[in-house]
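The structures come next, written out as structure tokens.
Paired with subunit B in one complex and with subunit C in the other, subunit A is shared by the two complexes that follow.
After this line comes the complex of A and B, so read on.
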């Protein structure tokens, strides 16, 4: 069990204490803030605490049964899936194209990369606020630009019009995170074996063939990581939507995180929120564990 | 028409690439430019129809208002909370990481559990934490927010530092042990200096994560410990936005992290890919 990398030069006993002493504080905090609340919310989810009723008697599976009848919850999950399904591939493809553009050396490449990274390091709430200003009907530049190309004044209510809210959210999301994909893919593409590419070129292989048979397999691990990280981020998307639409109009752009916020912090439906939170954590834990095991993130 | 020589073709391709690169960069930076420019506009210029693409003159009144009204306290709060939590997470996390990297403590399962903690949606975790904080009177306190950010960033620090420490040649530590150093001396005199750049990069990203967070701060603060992203949303209203304040506050809150990340750019790819891509 304790095969330490130093061999047997030191006594097993002192080493064992040392290594556990070092992990103890960190693990303690993780348990305290990571696991304890989960157990707590599991307990609360079996009670029926609401804003007006602080009865702590156990109600069995009451809240979990309600999960299945809650149309708004499933809609929120659907909205989350919709945004993920559109934004993620877009970010991946645009990031790949950008990476191709900057793959070959060119003077000043570092400066371009440094500037392109900017949206990704912004706080998502700043990104949302920025696009809120950009999309503004009267004082924002987007409407002005669209009107210029249309040749007549066009009124686009980006954050209110039901057919424009999703495009607005996705534009903001893709704008902020395409640079993330770009950075990772640029690193991955730079590491593709040059000799293989040159050999393929000498053989006169077409670009598509090279892409499919040499480049794709080489960058696959990085793409997998990038998709996993961004996929999980998109699943919990909150800030950008909060800044742009606050879930509206109505609950049209309400994602799972926003819905949890609404029932927990504006309706104070405590026990039910705990059940929803537990469902989400359970769902994600299973997915994450499976994916991590398959992908072997550890190099 | 004579056919282009190989050299001319290359020059043409390069010119094309530059053209596209400049266009794309402008496209991506335009929203940032717009925000930046609004922060220097006067109210008349901001609410001008059609929108003006350049401020008439550079004036700092929008920033001055934030200082005068005391809104910059939010930046200070962010600094305290993100700074303190990063330091604690770095110290605790690096020790954890050392143990994991060198003794394989807990095996792969512990490492997997730690990184999976990072991936659980914050909203689902923060709700029960909020209930507990209410119970212990920790809502809207510095210690409450710092504790949460520390816990949130610990998995990241452990995971990243585990990778950086694993990159250090083992022989260095072994020879230090042979020379009679204690375990702690080895860590202070060999591991930390060797992992210095990794430590700094990880610290910067840890700080940025805490600095940029909106969700935890929204839920766990009220009036005392408002951080800059929460302050920003106070300027947004259904019908009227305080545009000048949104822009100025955003710029104030973004400049420090932009500078920090630019300095750490060499480690950016490794930092954001959870160590999977070494760049």
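After this line comes the complex of A and C, so read on.
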């Protein structure tokens, strides 16, 4: 082989793969940061590391078998699903209604929008702590207002009574995150083709028909993204519940994030926590894939 | 012979014979002048002791700087273990909750102190620590791993002005057939509580307790055992917290809420304190600081600004709890980390802190939460003059400490504690007591199984054999 031929081939190889060489460091870092912890966690989930015993020998499916016997884990998943199933549609519907309201030009619109968005700016732990004070049985304004209208002292134990504790969490969650939906949907509604709306109006189409056949198809991609983002956030809900109830009374409001935190960072069942984390990753992967397919965001 | 004996004395032993334990520690520690030691301390009021008082004083006396690592109570165990596991040796001296000691010793995180106790002549002064703490919170097996440093014990506080009101006394006796006085059992507690609520609510209710997690579990542990309950079958290690006694205790605890103020289910330590200090409740059970603050001791301290101004100073009586064996409830012991690189300096600091001389000063600090734990504290003429009823207060602490019941102490005790806290939280939310007891027993069994029933059996039997474990 002549030097020229070798040089030519090298040049062709370099030209063809230059782009890969450029992105290689980035991909390597991503792999190190993203994949390595995942693989390490997977390894840990097959060991038996706790706070007091560090047993790094291979334990087989010990921790994964325990997942199926752990009633508290499945209850926590149930609580997470319940909160997500109630809060997500509420946020979506309220966000949509607010967006519709603020779609029209009105005096002070910008100020109202800015005020509406304020809760989203707060840290969720602050929102939770604020609502804990609001719900306080002695000093909270909610109890006082209810008592005023009832005409007698009413003791509402929002963070203790099992029938009130979920409404308390949902109220706080919806209060904080409806503005996020509102903002996304306001942007989406603002971009709906006005000529189509005007044409439908001229044709005498009803509001519901316009909504179903013009508005919804137009804003569907944004709705899908908003639902996905908020759905994932709700699945990981932690701060608000920690501040409001710490998962109580008992474990009645313990979500999967709270439970993982407790076993991981207060009880230091490290290997079992890794197994729980993998269960959550698997569940979320399945759910996200199904949702994306359903919403036709990926084909 | 005499000459030989004198020759046998090491310099430190000679020093020990000449001075008290605090002075010995100071003299021996001077060789470490210019160094820094760290100590893990409960965050909040507790840590004002080493931050404002004992730390600066030790530095002045010895030239050793003290770095205080403030850690919330529920993270102390974890942080200590993390430091030990990493081998970093970031902590030299430790505050340890005695019920954790078996876990920490098993892991090797605590330094045995016997050799240094002898080297620095501290054994005699240890005998002054009240027996309940000395015999139960100092050793694991036959070795010393910590110096009991906090006389935590639950006391009953009651409003003397209400209990001694002639009209109330007369009506109570007419209704119940016995004198209105601090309750001797839980039936009397309920009757007195209900009576006062009926007469005085909503201004004053018969009683109030902290009901929010995690503290009610200490009251439960006491009441459960005093009514005849056992935590485990000592042979099988199956939990027996769902026995008939266990269910009855839960039923009774829940029933007591009926004569307590509305919303008591949400009360934490401060809510309960505030209500008692403002006169909203006539009885409560809590740790000793309530008694000091109710008397107004330390009311001018900036650090105690959060404590509501007492409306009941001079009106509060102190009594041992119903059935006469109160829970010792948490407590702290001073230990040395086995990962420390300054073990001797750390040891000398905790000997000095825990000594008769220094500890008497520390338990009188109004802004910290260290409670009297030595015979010399109970008898201190200086302490007895701090407020008019301080003598009665110390007598009650002494009596309660002598009769005190130990907290359950097993391997991975924090998990059993969590199970009890969650169970009581469910109970006060209205869950059926039998279901709560069954769930608690199931949780206990799951923890025992995971740790290993045989390992736990050995630990439990050793714990249960202690005089303060069961009445």
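We take it that the second predicted complex is superposed on the first by the 250 of 299 C-alpha atoms of A that agree within 3 Å, B and C clash if a C-alpha of one lies under 4 Å from a C-alpha of the other, contacts with A are read in each partner's own complex, and residues count from 1 in each chain.
One rule holds in what follows: contacts are C-beta pairs under 8 Å (C-beta built on N, C-alpha and C of every residue); 3 or more make two chains touch, one makes a residue touch a chain.
These numbers come from a predicted model, not from an experiment.
Chemist: Subunit A residues in contact: does subunit B have more, or subunit C?
Modeler: Touched residues of subunit A are more numerous for B.
Chemist: Looking at A:293, would you say it contacts subunit B, subunit C, both, or neither? Reply first, second, both or neither.
Modeler: first
Chemist: Check whether A:92 is in contact with subunit B, with subunit C, with both or with neither, and answer first, second, both or neither.
Modeler: neither
Chemist: Name the contact category of A:215: first (subunit B only), second (subunit C only), both, or neither.
Modeler: neither
Chemist: Now for A:267: first (subunit B), second (subunit C), both, or neither, which partner does it touch?
Modeler: A:267 sits against subunit C, while subunit B stays out of touch.
Chemist: Where does A:38 make contact in the superposed view: on subunit B (first), on subunit C (second), on both, or on neither?
Modeler: Touch partner of A:38: subunit B, not subunit C.
Chemist: Could you say whether A:159 touches subunit B, subunit C, both of them, or neither, answering first, second, both or neither?
Modeler: In the superposition, A:159 contacts subunit C only.
Chemist: Quick check for you: in the superposed arrangement, does A:232 touch first (subunit B), second (subunit C), both or neither?
Modeler: first
Chemist: Is A:19 touching the first partner subunit B, the second partner subunit C, both, or neither of them?
Modeler: first
Chemist: Using the superposition on chain A described above, determine whether A:250 touches subunit B (first), subunit C (second), both, or neither.
Modeler: second
Chemist: State which residues of subunit A lie in both footprints, the one left by subunit B and the one left by subunit C.
Modeler: Dual-contact residues (subunit A): 136, 138, 265.
Chemist: For subunit B, which residues count as touching subunit A in their complex?
Modeler: Its residues touching subunit A are 14, 17-18, 20-21, 24-25, 28-32, 34-35, 38, 46-51, 53, 92-93, 95-96, 98-100, 102-106, 108, 110-112, 114-117, 119-125, 127-132, 147-148, 150-152, 154-155, 158, 170, 173-174, 177, 183, 208, 211-215, 219, 228-229, 232-233, 236, 241, 243, 246-247, 250, 253-254, 257-258, 261-262, 265, 268-269, 272-274, 276-279.
Chemist: Please give the residue numbers of subunit C that touch subunit A in the complex, ascending.
Modeler: 74-75, 77-78, 81, 85, 103, 106-107, 213, 262-263, 265-266, 271, 411-412, 414-415, 418, 422-423, 425-426, 428-431, 436, 439
Chemist: Across the complex, what residues on subunit A touch subunit B?
Modeler: The touching residues are 2-6, 9-10, 15, 18-20, 22-23, 25-27, 29-30, 32-34, 36-38, 40-41, 44, 98, 101-102, 104, 106, 110, 112-126, 129-134, 136, 138-141, 144, 175, 178-180, 183-184, 186-188, 221-222, 225-226, 229, 232, 235-236, 238-239, 242-243, 256-257, 260-261, 264-265, 270, 273-274, 276-278, 280-281, 284-285, 288-289, 292-293, 297-299.
Chemist: Mind pulling up the subunit A residues that touch subunit C in the complex?
Modeler: So the residues of subunit A touching subunit C come out as 51-52, 54, 136-138, 153, 155, 157, 159-162, 165, 246, 248-252, 262, 265-268.
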